[in-house]
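By written order: A, B, C, D and E. Residues from 1 in each chain.
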């Protein structure tokens, strides 16, 4: 695929849509969770106000270069993921910078933010951050393991590492989705999905009752605003990958919105009604359930 | 399979005096403060943890953040003036202070509260116990990341607070049990409204059973964690549900019946495992007992009768020299007031024996070493301690 | 009110020595280096707080204030009894989230410090540090009698009486303790004040820094922290 | 309770038993007999539960009263054991080896009354107070109000009138 | 980990379809009906007793003056101001409030940026002033006693046959219980003419410290035996406790103290008088005012001689009050203490007859005139002249002196004051002894609620068989042909005073009634017998409506002559005692300033 300048504004437009979608949708999900508890919860536009508020704070404390770069890396992880993942299949402009090996790059970007965060949070000097980071790295590594295996399985199945091609292969009906063609890989990948969305039972990284609130403990003001922006973009971007790889992608924005929402709701539904695992319990969980399924997916493909 | 065996070679060795030799400057250990500003801590206190990896090697409880010097302030106040401040000793379950203090004063002054007041006090205490358990069931879920229980239980507690409000005139500090009796009678239609609350509570408790007690993740986190050896109960002064979770069926309501508990019908709940899960289930069963008791009391209590015994003019009430100790089974164990009078209009000394005092200090410090950082909060919540009654 | 007897004055001026681990000393690092450390200087920044100007354009400042008012993040620090009435606010019955009020566990991300009732000296020290770690503009709300004039602990040796001596307070809510409904009314009032640009406590704190510090040090006898912790 | 008292009276030089209602009684014992008494009560008579340990300041008599409240849970008996110690050189005997939880009580007594318990763990660590320089606050010669008035500023501007004096000043200012 | 276990938790997601249970409009949600919210005070009911301030353990309440509310009898005019920087809403102030004026609304929202704003006087202008809901105590107050401790009295049947003292006096236990009811507000002190330190001596009773109690009594009143029995106890009419129950039995408690201290101990406690100053004061009339002045002056070391016309000292206390109310030995003990201070009492020494005013003036540095009111007044209705119509004071004096007084089987008494009751009850006793039955009819202008006599006097009179007809104006003493009294004709009284407040009774002539009786006793008031002054002095003095005019310091227009007591002011023992103190003080000031004419 050749590079064209027009892709830049197209990609930015996609980014913009996804940012807003993310801000609104995370609020809606929070409202749904709140309703289970019996309350209305935050207004849907609350995320915007919080974002503005954090940018509007007057004072900032900097703990060093990496501290500053942490949120930047994190955000670039999210944005990078978006930029290299085709959002709408067949759309002329929402293709972003997808290319033949974009799946590998996407996997890299998923991890990139976490690493950046680790560096930044580590420099903030707060022990809770440090503990959170070490927990995060340990857990995300094991949680991504089934994902990596599932992707491997997929690569074998579809004989490509291009997301667009994988999506294309799933077109033409519900039963062409990877969900049905390679269910074991999907199960393995969903382990990873649930495990990395920072919701119970796999949210020991943030665990407010233990290490409030983990890595971002020291982050505030604009730094926090950057992370909030990322928090709106990154999960959506990640969900898009899963959608593209396993659930047939989206051919238009409506399908996109519905599929992402439903996918996003999976960890939310689990999270609301479960306490969290300890870090070694969740690692054990992924090694015990996720890893074998992933291996099985490769073997049975 | 996949069993973790932590590498304990790095851990500090005990020195000649039995204490761990922890040299923070080696960089092997990390000091971690949980609290006072920390969501995982029950109230305003702190635990100073020394961790090695994810494992805690030493824990020290620090209290005093809520110290108001109650026992000193009480010595400065007349017997009636002590009445409004006692309830502040324990915020989530204040009524026990009122009862114990009132009963202690009555004992030394030779006053007998009327029968209606005795029933009313029992009702208030059970309502308070219910509320306290609501805090616990919400808290234990919250400590493990299951925030939804806290939402429901606080809601149910709010409903009960409404009943408190219409009965006593206040939400949190009821100040209803005066030395000599209680301040008023049941309002019109109270039984019906209480029944609604209890029904709602039972519905939500059924949800709690589904989402918490039958939740496999919850079980994984709590079973076998934070076990108190029943042999430690006596040396560490463990009472109440914490002891009952270890199979010790001791409940002052049964063993040393006070108020009208001898006219009520109930069973003492126990469990055997003495771990966090057992402590939670014992309390879950106790909530049901409380609900049943409230229903029984409302059915059996006299409809009318004097609420107050005749007491001397409180502005210059003097009580002859003496000392007494009044105890009761609160939601956390044995609660007691030790009152010493010297014949003047002021108490000579009041000592509050809160169960949290032993549970959160000596016992917690004994239990913490060897646990995972993640379990500290749950362990603490499972002991059900309220800091204000530790430091008073 | 009786006069103070002189005999009680004897122990007031005594100072408490600095804890050992905070004194300057030499330590050996894990890799065998010997370095000198001075914990109070090394671990903390001593820079005094600065007065932060408002935005140059009033309309921008108004917009910011609107956002600040509608996104109140409260530090979940229960300093006293009143904290128990916070819980109903976070939960279904009163649900403050619908008003844009949320709780944060870390002072860095909080804008509003609720002093929920009496402050013992020990907690005052933590509350001051929590306040100083918060980022401006930041607000303090005092709950109940205790923060106004000592409340029922007016004769206690361990609790302060006037919160405004130690921290700039934006708003008081009467009650012992204030009910959740009263707290919500207080939040609404605070929102109005913020929108009107009247909550400049952080700048007030910076301007009167010396006075506040003197007051704080007069009650906290073991001052083992830097004067300002950001 | 009376049987136990009769049994132990001679050996531990107990004072007379002062029963109160509901299985509660108090008894005084000399300090040197305390340990033996506690051990025997705990090991032989089932008083295994240390309910509380606290002190009462009898300043006028120059004494501190230490109260050890023991409970026999099986028989629902509570015995308050009083030990009188000198107020000037306040010192008690630690019992943390019998009940580990007593160490906490002893820490509190040390801090709040200034009563020493040699050998008790972490006795000198700050427990509840922080940076306290004055007299131990639970001693009766420590005046909480005076301390509070000197240390913590109060909101000024309050005046009150005694009704009797006020009426005098208004109605019969010359006193007749 | 069964599948069921994995799936069960998800069932609670059903709540996502429930409506939120959140309260839609929480701000301003009304609290429960009994809620202890912000304070309310009914300022018109509040008496400013300060009990709320006394019980507040937070020091949250100040008693402050509020414009428009001035001190008056039984009301200090102060109002509670509450500091919400202190209050803990325990409502002890509401429970202890003596009048029930202090209550709480169920309002609870008060937000302010100014910490000094949280102080207010409830009842003035707070928005929740008139809220109906909120905490009020259930029933009457329980934190202090409502009911007076019963005083043991003789039964009417037992007492009517003799002149024995009716009231037994409190036992110690009873006195402690009664004293315990007092809240020590001190509102009574201003009402007491002598401003006795009532709360303090009640506290002494409570503490069983009778020595202190006696000293307190003698600070302000040397007639505690008398006042402990027959005082009009206006203090009890201003007692804070009467708003929701019985007032404290202040009079009986005073008597209890004096009963508990033996005579010798009293002199010991009071101590010796000051060194003699060499000044001499003459006092004319050994009544309460004169003897009180004598006591004060003698304590200060002045030489005091009291001139008494009758055979015994005591004045109206002896000759006006029947023995069943005030036994003579009790009065003698009071007088004995005064004599022990060095006061010389010359009885049977009538000024004007046995000694002249001029001699007194010559021999003394000052002369105090305390002659009281010993001349009975007459209604002057037709028929009062002649036999069968007597004046109450005369009869009482004669009874005291042991004289035989005229008696009839049916007697009509005119008057509704204490003297009327005294004579009615005295005559009843005599009738009982003489005829074996009581036949007394009492008529008075006032209606029963406005009788000048103490209520208990009225009650006891009725118990003893006196028939009382209130609001009856005497019109004529009916006499038969022989001039013997047959009864009293009365009209019903419509009003006693006219619009200007002058005495001008209006009658309903249609309601006429004849009260049968063969003797009529007038007990409608007394006048002073000033004949002792002599013509010259009478001329020299300034007068005011038939009374010697005095200034506020009890000086007459003659610089050496002072006057006090009923003769110039009235109307009862305790006022006379108070006057005695005041006149003594003036005299002493004058003596000290050497202004008295030499």
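Just so it is clear, contacts are C-beta pairs under 8 Å (C-beta built on N, C-alpha and C of every residue); 3 or more make two chains touch, one makes a residue touch a chain.
In this text, all values refer to a predicted model and were calculated from it rather than measured experimentally.
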Task: Joint neighbours of chain C and chain B, given as chain labels - done: A, D, E
- [ ] If we define chain centres by averaging CA atoms, which chain lands farthest from chain B? Would you check?
- [x] E
Task: Nearest-to-centre chain - CA centroid comparison - done: B
TODO: Report back the single chain whose CA centre is most distant from the CA centre of chain D.
DONE: A
Task: Where chain A and chain B are represented by their mean Cα positions, the distance between them in whole Å - done: 42
Task: Centroid distance [mean C-alpha coordinates] between chain E and chain D, Å - done: 50
Open item on the list: Need the CA-centroid distance for the pair chain B / chain D, whole Å please.
Closed with: 23
Task: Whole-Å separation of chain centres (CA-atom averages), chain A against chain D - done: 61
Open item on the list: Two-or-more-chain contact residues of chain B, please, as numbers and ranges.
Closed with: 38-39, 64, 67, 69, 72-73, 76, 84-85, 148, 151-152, 155, 173, 211, 215
- [ ] Hunt down the residues of chain A that sit against at least two other chains at once, touch-wise.
- [x] 34, 36-40, 208, 212, 272-274
- [ ] Check each residue of chain C and list the ones that touch at least two other chains.
- [x] 1, 91-95, 98, 105, 122, 148-150, 152, 154-159, 162, 176, 179
Task: Pairs of chains in contact (touch as defined earlier), listed by label - done: A-B, A-C, A-E, B-C, B-D, B-E, C-D, C-E, D-E
Task: Residue ranges of chain B touching chain C (in the complex, touch as defined) - done: 25-27, 36-39, 43-44, 64-69, 72-73, 76, 84-85, 88, 91-92, 150-152, 154-155, 157-159, 161, 171-173, 388
Task: chain D-facing residues of chain E, complex - done: 48-50, 53, 61-65, 70-71, 76-78, 83, 85, 115-116, 119, 185-187, 189-190, 195, 199, 578, 581-582, 585
Task: Residues on chain C engaged by chain D in the complex (per definition of touch) - done: 1-2, 4-5, 8-9, 11-12, 14-16, 121-122, 125, 148-150, 154-162, 165, 215, 218-222
Open item on the list: Can you tell me which positions in chain A touch chain B when the two form their complex?
Closed with: 36-39, 127-128, 131, 200-201, 203-204, 207-212, 272-281, 284, 287-288
Task: chain A-facing residues of chain B, complex - done: 1-2, 4, 30-32, 38-40, 54, 141-148, 151-152, 155, 211-212, 215, 217-218, 220-221, 372-378
